[in-house]
Amino acid sequence: MYTYVAKRLLIAIPTLLIISLFVFMLQKLLPGDPILAMAGEERDPVLIAQLREQYRLNDPVVYQYLYWLGDVLRGDLGTSLRTNQPVTELILQKLPVTIQLAVMAMIFAVLIGIPAGIIAAVRKNTLLDYLANLVALSGLSIPNFWLGIMLILLVSVYLGWLPASGYYPFFADPLRSLETMIMPAFVLSTPLAAMLMRHTRSSMLGVLRADYIRTARAKGLSERTVVMEHGLRNGLLPVITLSALLFGDLLAGAVLTEQVFTIPGFGKLIVDAVFNRDYAVVQGVVLCTAVAFILMNLIADILYVLLNPRMRATL
Amino acid sequence: MTTLANAAIAPAREETPGRRAWRKFKANKAALAGLCIIVFFALLALAAPILPIADPTATSWSAIRQPPSAAHWLGTDEIGRDLLSRLIWGSQASLAAGIVSVAIAVVIGVPIGLVSGYFGGWIDMLISRVTEAFLAMPFLITAIALAAFLGPSLSNAMIAIGLSAMPIFVRLTRGQVLAVKTEDYVEGARSIGLGNLMILKRYIAPNVFPPILVQATLTVATAIIAEASLSFLGLGQQPPDPSWGSMLNVAKNFMSQAPWMAIWPGAAIFLVVIGFNLVGDGLGDALDPREP
Amino acid sequence: MPEQPRPHPAAEPVLSVRDLAVSFRTADAWRPVVNNVSFDIGPRETVAIVGESGSGKSVTSLAIMRLLAKGSARIEGEVLLNGRNLLALSEERMRDVRGNDIAMIFQEPMTSLNPTFTIGRQIAETLLRHRRMSATQAKAESIELLEKVRIPNARGRIKDYPHQFSGGMRQRVMIAMALASKPQLLIADEPTTALDVTIQGQILDLIKTLQEEEDMSVLFITHDMGVVAEIAERTLVMYRGDVVESGPTEDIFHRGRQPYTRALIEAVPRLGSMSGHDWPLRFPIVDIETGQVSAPTEVAGTLDAAGTPILSVRNLVTRFDIRSGFFQRKTEAVHAVENVSFDLAQGETLALVGESGCGKSTTGRSIMRLVEPCGGEVQLDGYDVLKLGPGDLRRMRRSVQMIFQDPFASLNPRMSVGQAISEPFLAHRLGTRSQARERTADLLERVGLSAEMMRRYPHEFSGGQRQRISIARALALEPKVIVADESVSALDVSIKAQVCNLLLDLQESLGISFLFISHDMAVVERVSHRVAVMYLGEIVEIGPRAAVFGNPQHAYTKKLIAAVPVPDPARRGIKRNLAVDELKNPIRPRGYQPPKRRYREVAPGHFVQEG
Amino acid sequence: AELRIGLQDDPDVLDPHQSRTIAGRIVYAGLCDKLVDITPELEIVPQLATDWTWSEDASQLVMNLRQDVVFHDGTPFNAQAVVANIERAMTMPESRRRSELASVDTIEATGDYQVTFTMTGPDASLLAQLTDRAGMMLSPTAFADTGANFGSNPVCSGPFRFVERVQQDRIVLEKFDDYWNAENIFIDRVTYLPIPDATVRLANLRSGDINMLERLAASDAQTVKNDANLTYAETVGLGYQALYVNVDNGPRADSPMGNDKRVRQAFSLAIDREAISQIVFEGTQPAGNQPFPPSSPWYNAELPVPERDVAAARALLDEAGLDRVAVELQVGNIPVQMQMAQVIQAMVTEAGFDLRLRATEYATLLSEQTAGNFQLSRSDWSGRIDPDGNLHQFVTCEGGINDVHYCNPEVDALLNEARTFTDTPARKERYDAATRILQDDMPIIYLGHQSYIWAMDDDVTGFLPSPDGLIRLTGVRVAD
C-alpha cells in the first residue's frame, strides 16, 4: 500500500514537469502583452521597462522557465502582478472555498447522478429510464449561468429563502456557509450528475447481466440488496475513476458558476488572471489544481483498488 | 451427425452486418427519435440559405428584444435581429462545433489510447504522463491557449475544443484496451498470424467502443457550450454570425428583460444533446451483435 | 410420456413439477423453450436431468426458482414444494423460498461469486437473511460450512475474495453457500462441467457426502452421462425442451428406449474401452430418429513415425516473472514449463494431459510463440521457431494453428463467423475476397456446418458449433500441426464425440498432426497415438497410449486415471476418497535451479521420470 | 450602520500610487483623502489642502494644508507627509502615477503645513491631477515600512480605515474616529463586494444582501426606476467612447480609412450616435462627437453631435473614388461592446462599408492597439477632470498613448499652449480650435460618453453622484 502510493507519487513527478511546461507555455501562447495590461491607462514607458525587467521578460524563454521552475521548487510561486499579493497566500485563501464548492457539488452530483443511473439501468427502456435520461441530460445542456440566475431570482429574490450570492467561510459559521453554497454547488453539479448518470447506467447494465447477480437472487435476497449491494459495488468501479476526473475539472472549471454566485474560488481567479495576463497567478493556481487533480486521481485509484479485491494484490 | 449440431440454433437470419445494425436501430423507437432530432437540425442547418427566413444579421432598431410575435416567431435579440433566423443559421456553427470537435477528439484520442494500452511499456508511460498532464489542465484554459495559438476562427476553435477533449478519450480507451487485450480472441488473432495493426483495428477497437460512445455523445454538449466560451473570447464564431452558444452568452445579460433570448438556444442545445445520446445508445445496441 | 413408478411410494415428494412450460418473448411471439415437464423428487433423492446443450435444463431449473426475467419469460404449470405451488406465491414469499427451502449452485464457479465481496460475507448473507443469525453467529457458522465443504484453514480464509480461490474451491464455496440454510432441495446446474476431472471427482464426492449428512434432495443437471451414473437415482432425459424419457438411472442406462438416450450413453467415453485397438477410434454415432448406432471406425495409417518429426521440442523452458517490491524487481518466477522435450510425427496425435495449471497451455503457446519461452529449441516444419523475426513468425503460423479451450472467448464477439474464418486467409494474402468466401463456405461444410451460417455471430451458435468454427478457422491456413488446447473439454458429450470425430476425420484426410491438450483421460485414450503426462511444468511420463494407460508408472498418472467418472450406475455410492488438496503452484524464488531429471524407459518409447 | 456596496470588479492592489482600476478608486473614496477634491459640478475644492495659489505662468503651485489631520496609524499629516507622498508617486518603480505628475520638477515643504510644487514648465492641469490618486495621501510611516507592499494593508487618512480584504470576495472598512470631518460620517462600516455579474448584482440588491451597487447595466435602468423600493442615480462621466483609426501606425495604417480623411468622415456620418445611445444603453449614455460630453464646459458647441447622413457619407466615398470600403474593427469581447459594434456594423454597411468585427479580450486588444495591428479599434477612455487629460496624450505627435500615430504640428501647438493658462476662456479657445481640426482629420471617431449609474435601496440616503464615478461617503446615511 505505502509502496504503491510512493510509487504513484514518484510517477507524478514527470507529469508535474510536463504540466509546468504547459503552464509556462501558456504565457507564450496567449496573445497580448501582460505588461501593457498592467501598466494602466496611461502606459508609462518607464514603468513598462521596469516591469519587463522585474518579471525577467527580457531574458531568453528557457531561462525564464528555469528561473520560474527554480522558484517554484523553493516554494515561491511569485506575486500577483495585479494585487502584489504572494500567489501562495492567494491560493491558501481560495483553496478552502474551492474545495468546499467542489466537494459539495460532487456530493450533489453523486446523490443525483448515481441513483438516477441505477434506476435507469434497472428499468432499462421503460418510461422511468427515459425520464431519468431526460432530466440528467437537461442538466448537461442547461447552461450553468442560466440555471444559476434563475435560481437566484426564484429562491433569493422572490422567495427569499437563501442568500443570493457570496461566500461565508465554513469554519466561521458552518450553517450559513452551507446556506450560501447550496445553490452554486447544485448548479455546478448538474452537468456532472448527467455524466455520472450516463456512465453509471452503462456500467450497471453490464453488471446486472453478470452471473453473480443471479446467484444473489437465488439466495433469496431482496431486489434492493441485489442491486444496491451486489450490483452497485461492481457497477461503481468504473465510475470512481470518472468521478476523479470530473472532480479535477471542478477545481478550476467553475468559472461561470463562481461568477454568477460571486464565490471567490479558483475558477474565477484563473480566468481573471488569464484576462489580466497575471501569469504568476495563472501558473501558480493551475499548478496547484494540477497537483490536486493528481492527488484526486491517486485517491480514486486507491479507492478503486480497495473496492476491487482482484487488484488489491498490486497495492 | 449434423442433425444434433443444428438442434439448438435460432432460425437463420441472413443479412449483412450493416443492414442488420440498421434494422435493429430502426426497431429502437428512442434511437429513431434521436436520429430524427439530429436530422431535423442538420437539415435546418443545410437549408438555412433557402428557407424563407429573415437575414440573421439584419438589425431593426424598432424591434429590440421583442417577445415572440407573428412577425418574429421566436422574438428578437438585443439589436433587433430575428431569433428564429439566428437559431437556424446558428445551428451550422453549433452542430459543426459539436460534431467536428468530438470527431477530432475521438479520431485522435482513441488511436492513441489503443496504442498506449496495447503496446504498454515506455510508449504507454509517455502517453499516460502527457495525457495526465493534459487532463490536469483546466479544460477551458487549454482550449483558450490552443485557440489563441491557432488563431481566431470557427474551425480553429473546433480543433482547440477537440484537442482539449481528447485526453479523456485516450484515458478511457486505454483502460478498456487493458481489459480487452487479455481476451482469448486477441491471442487467437495473433495465432493466425495477424499483425498488431490488424489486431488493433479488427479485434480490439470494436470491442472497446461502448463507453467511448457514451462519452462521445456527452462531449457533444460540452463542445457546443465550449464553442460559446471561445467565441465569447473572440476565438470562435465571429459576430455578427450566430451560434447557439454565443446567443446564450448574449442572452445572459438580458435574463430578466428578455428571457426568451436564452430559452431558444438553450432548448436547441438540449434537444441536440438528447438526440445524440439517444442515437448513441441505439447505436451501441445496434452494433452489438449480442443484443437481440 | 409414460407414468413412472415412484421409487419411494411412501414418502411425499419434496418437489413436484407438473406440466411445466416456459416460453420466451421474441420480437413477435412467445417462443416455447420447455414443454410439459413433469417430475417428482422425493426426500433424500437425487434426480438428474441430462440432455445436450440448449435442451432446456437450465431454464427448467431457473423456472423452478422463478429466476427468469418476468417481462421476457412466461412460466406455466405447477411447481409444488411440499404441496405449495411456488408459481402462485408473491415475489416476497418466493424470496423466502429461494436460498432457504431450495438452494442452487451454478455452472460457472468463476463468475457466479461476486468478485468484490469476501466469501465469508457471501455465505453469511444467506444465514442473516434466512436464519436470522447475529453477525458473530453467522461468522462461526460460515466457518463451519466451509469446513464442511473441506476448505482447508476455513477460519483463515473467510476473509478472502473469490479470485483468491481456485475454480474447484470456488465451487465448494458455492456449495457451502447453498447449504447454509439447510435447504430441502439443492439444485445443482452443471456444477462440475467447468472443472477438471480430479476436481470434478472431489465435488461429486462432496455432494454425495453432504446429501447424506444433511438429508437433502438434489436436482442434478448435467450433460455428462458418466456423472449421472455416479450420482443420480433417477434420471430425466431432455431433448429440445421435452422430457423424452425418465426413470431409475439403471433403467435409463441399460434399458433406455429412446434413440436419443442411447446416443447420449454411447457418446460417453469409457476409460479402458480402447484395449485391443491400436489406432485412435472414432466415437459411435447414433441416429436420433432411428436409434441406429453406426459402428465406430479406426483411424488407421495416418502416422508417419519413420520420417523426420514435423515438430520437435527440446528442453523447452517458459517462466513468468513475478515482480514485487517498490522497484518491481523480479523476485519469483512461475516455472510454467520446465525442460520439456518431445517429438510429434506427421499425422500423429500426441496428448498432453495433466491437471489445471500444470503448464499444458503454456507449452502449446510457447511452441507457437504466443508467449516467449526462456530457453530450449523448437523445430517446426523446418522453422527454428524461437529464432524467427516478426515477419517469419507470421509466416510460420501458417504451419501451426491453435484451437482454444473456450471457443466462445476465442471468437471476436463483434465479428461474424464468416469474417472470422476468412481472416487468416486474407491476412496471409492467399487470395481474393471471393476466393476467401468460397474457401470459408467450403471449410464450414467440412466441419459439418452450412455455408449460410457465415453471416451469423458467435453467440448465435451452440458450444459445439462454436468449437467447429474455431476448427474451421484453424484449418483455413492448411496447417501441418494443430495445437488443440482443451478443445473438447467444455463440450457436452454428444458434441464432444462429434468434434473428436471431426478431428480424426481431418487427420485422416489431411494428415494433420495434433498436439492434443486435455485433462480428460477417457477422451485422450480414444484419440491419441501417444500420451505425455505433465505435472508442475514437467513431463513426468510419456509413451504410446496403450503403454501409458495399460501400465501407468508415475503416481500422478495413476491419480488422473482414477478420477475419471465411470458411466456405470452400479458403481453409484462408491467414493474415490480423493485427497482434497489445493492445486500446487510451480512458483519458485528467483535463481532457483530445477533439479536434473532422469527418465527411465519402461518399455520401448515409454519413459517415466525418476525421483 | 453598515453599508454594503456591490462593485463590478475586484479592485487591484490597494495602493493609490500603483492601482489602475475604477473599482479601486471607489474604495479609495472611503479610505484615502486627497489634497483637493471636486464637486459634482467639477469645481476643484479643498480637502486636505485648505487653499492654493498658482504662480503667474502656471509653473509653481503653493498649497496650504489642514492642520487637524492624522493618518489611521496616528502619524500626523503635514507638509513632510505630502512631500514624501508626492516623491513616492514620482519615483517608486512600481508607480503608475508618474505620467500624471510628469510636469512636477520638485516639491518642497515651505512651511510645517505648506508645500510648493515647482514645475518643469507651465502645467495648469496639475491641480486636477491632485483631485485623484496622485493627490491621495498615504501614511509615510506605513509605506516606509511596507514599501511596494503597502497595498496589502493600506493606511491613509480618509473617513474609514482598512479592516480586511479577501480577494474577489470583499473589502471591509471601518469608521475612523479621529477623522477630521467625523461629524459628517454616519456609517460605521463599509463592505465592498465585487459582484461581476450585473444581473446578480441587482438581484443581491433586491434581495437585500447589499444596499447599493455601482455600474448598473443600462438594460436594467428601467427596472430600477420602476421599483418603488429602489433609488436610481445617474451622472455623465468624464470620459468618452471612441473608435481609433490607425492613420500611421505601421503597415496596417495603409487602408482607405487610414489614408483618406474623407473616408473617415463618411464612416462617422454613417453612424447614428443617438440611436446607439438608445439601442445599446437605453439612453443612459449620451451621444457625443468630442472628447468632452456636450454637458461639459469644454465642449465645443459650434460642432454639435452630427445627425446620421448616409447620403452625405456616400457622396464622400464617391468623391474619394471608392465604391465599397472593407475595414476591420477590433472590439473588446464585453457583450455591450459587441452589441455596439454590431449596431455600428449594421449602420455603416448601408453607407458602403464592409465592416468586419474581430472580438478580442481586453489584454489582446491593448497590445494590438499599441503595436498598430489594427485598422479600427474600439475602446473607452475613463476621462480626466482636466481637459488636457482627454486629449493631449492621444493626438500630439509624441503623445504617450497616441496609438493611431496621428501627428499634426498645428494641434500640438494648440494643446501645448493650452497647458500654460490657468484661466478657462483662454484655454477653451485653444481646445475649440484643436477640436475643429480633429473633427476634420478625424483620427479618433468619438461616439458618446459613459455614464455612471448607481442603484440603492431606500435605506440609503444622502448620496451625491459625481462625474468621476466615485462613491463619496461623507453625508451618506443608512437606515438600520
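Letters A, B, C and D name the chains as they come in the text, with residue numbers starting at 1 for each one.
Quick note on the criterion: a contact is a pair of C-beta atoms (placed from the backbone, for glycine too) under 8 Å apart; a residue touches a chain by one contact, two chains touch by 3 or more.
In UniProt terms the chains read A = Peptide ABC transporter; B = Diguanylate cyclase; C = Glutathione import ATP-binding protein GsiA.
None of the values given here were measured: they were computed from a predicted structure.
The chains that touch subunit B (Diguanylate cyclase) as well as subunit C are A. Set side by side, the interfaces B-D and A-D show unequal numbers of C-beta pairs in contact, with more at A-D. Spacing of subunit B (Diguanylate cyclase) relative to subunit D, judged by their CA centroids, is 46 angstrom. A separation of 39 Å divides the Cα centre of subunit A (Peptide ABC transporter) from that of subunit D. Separating the CA-averaged centres of subunit C and subunit D is a span of 87 Å.
In whole angstrom, the spacing between the mean C-alpha positions of subunit A (Peptide ABC transporter) and subunit C is 50.
Each of residues 252, 255-256 in subunit B (Diguanylate cyclase) touches at least two other chains.
Within subunit A (Peptide ABC transporter), the positions touching two or more other chains are listed as 31, 145, 149, 153.
The chain pairs satisfying the stated touch condition come to A-B, A-C, A-D, B-C, B-D. Of all residues in subunit A (Peptide ABC transporter), only 11, 14-16, 18-19, 22-23, 25-26, 29-31, 125, 130, 133-134, 137-138, 140-143, 145-146, 149-150, 153, 191, 194-195, 198-199, 202, 238, 241, 245, 248-249, 251-253, 255, 267, 270-271, 274, 282, 286, 289-290, 293-294, 297 touch subunit B (Diguanylate cyclase) in the complex they form. Across the complex, subunit A (Peptide ABC transporter) is touched by residues 30, 129-130, 132-142, 144-146, 148-149, 168, 171, 175, 210-211, 214-215, 217-218, 221-222, 225, 248, 251-252, 255-256, 262, 266, 269-270, 272-274, 277-278 of subunit B (Diguanylate cyclase). Residue ranges on subunit B (Diguanylate cyclase) touching subunit D, taken from their complex, read 57-59, 61, 64, 78-80, 152, 231-234, 238-240, 249-250, 252-257. Those residues of subunit A (Peptide ABC transporter) that touch subunit D in the shared complex are 31-34, 36-47, 50, 54, 82-85, 90, 93-94, 145, 149, 152-153, 156-157, 160, 163-167, 259-262, 264, 268-269, 272, 275-277. For subunit B (Diguanylate cyclase) in complex with subunit C, the residues that touch the partner chain are 1-5, 7-10, 12-17, 27, 183-185, 187-195, 198, 202-203, 206-207, 287-290, 292.
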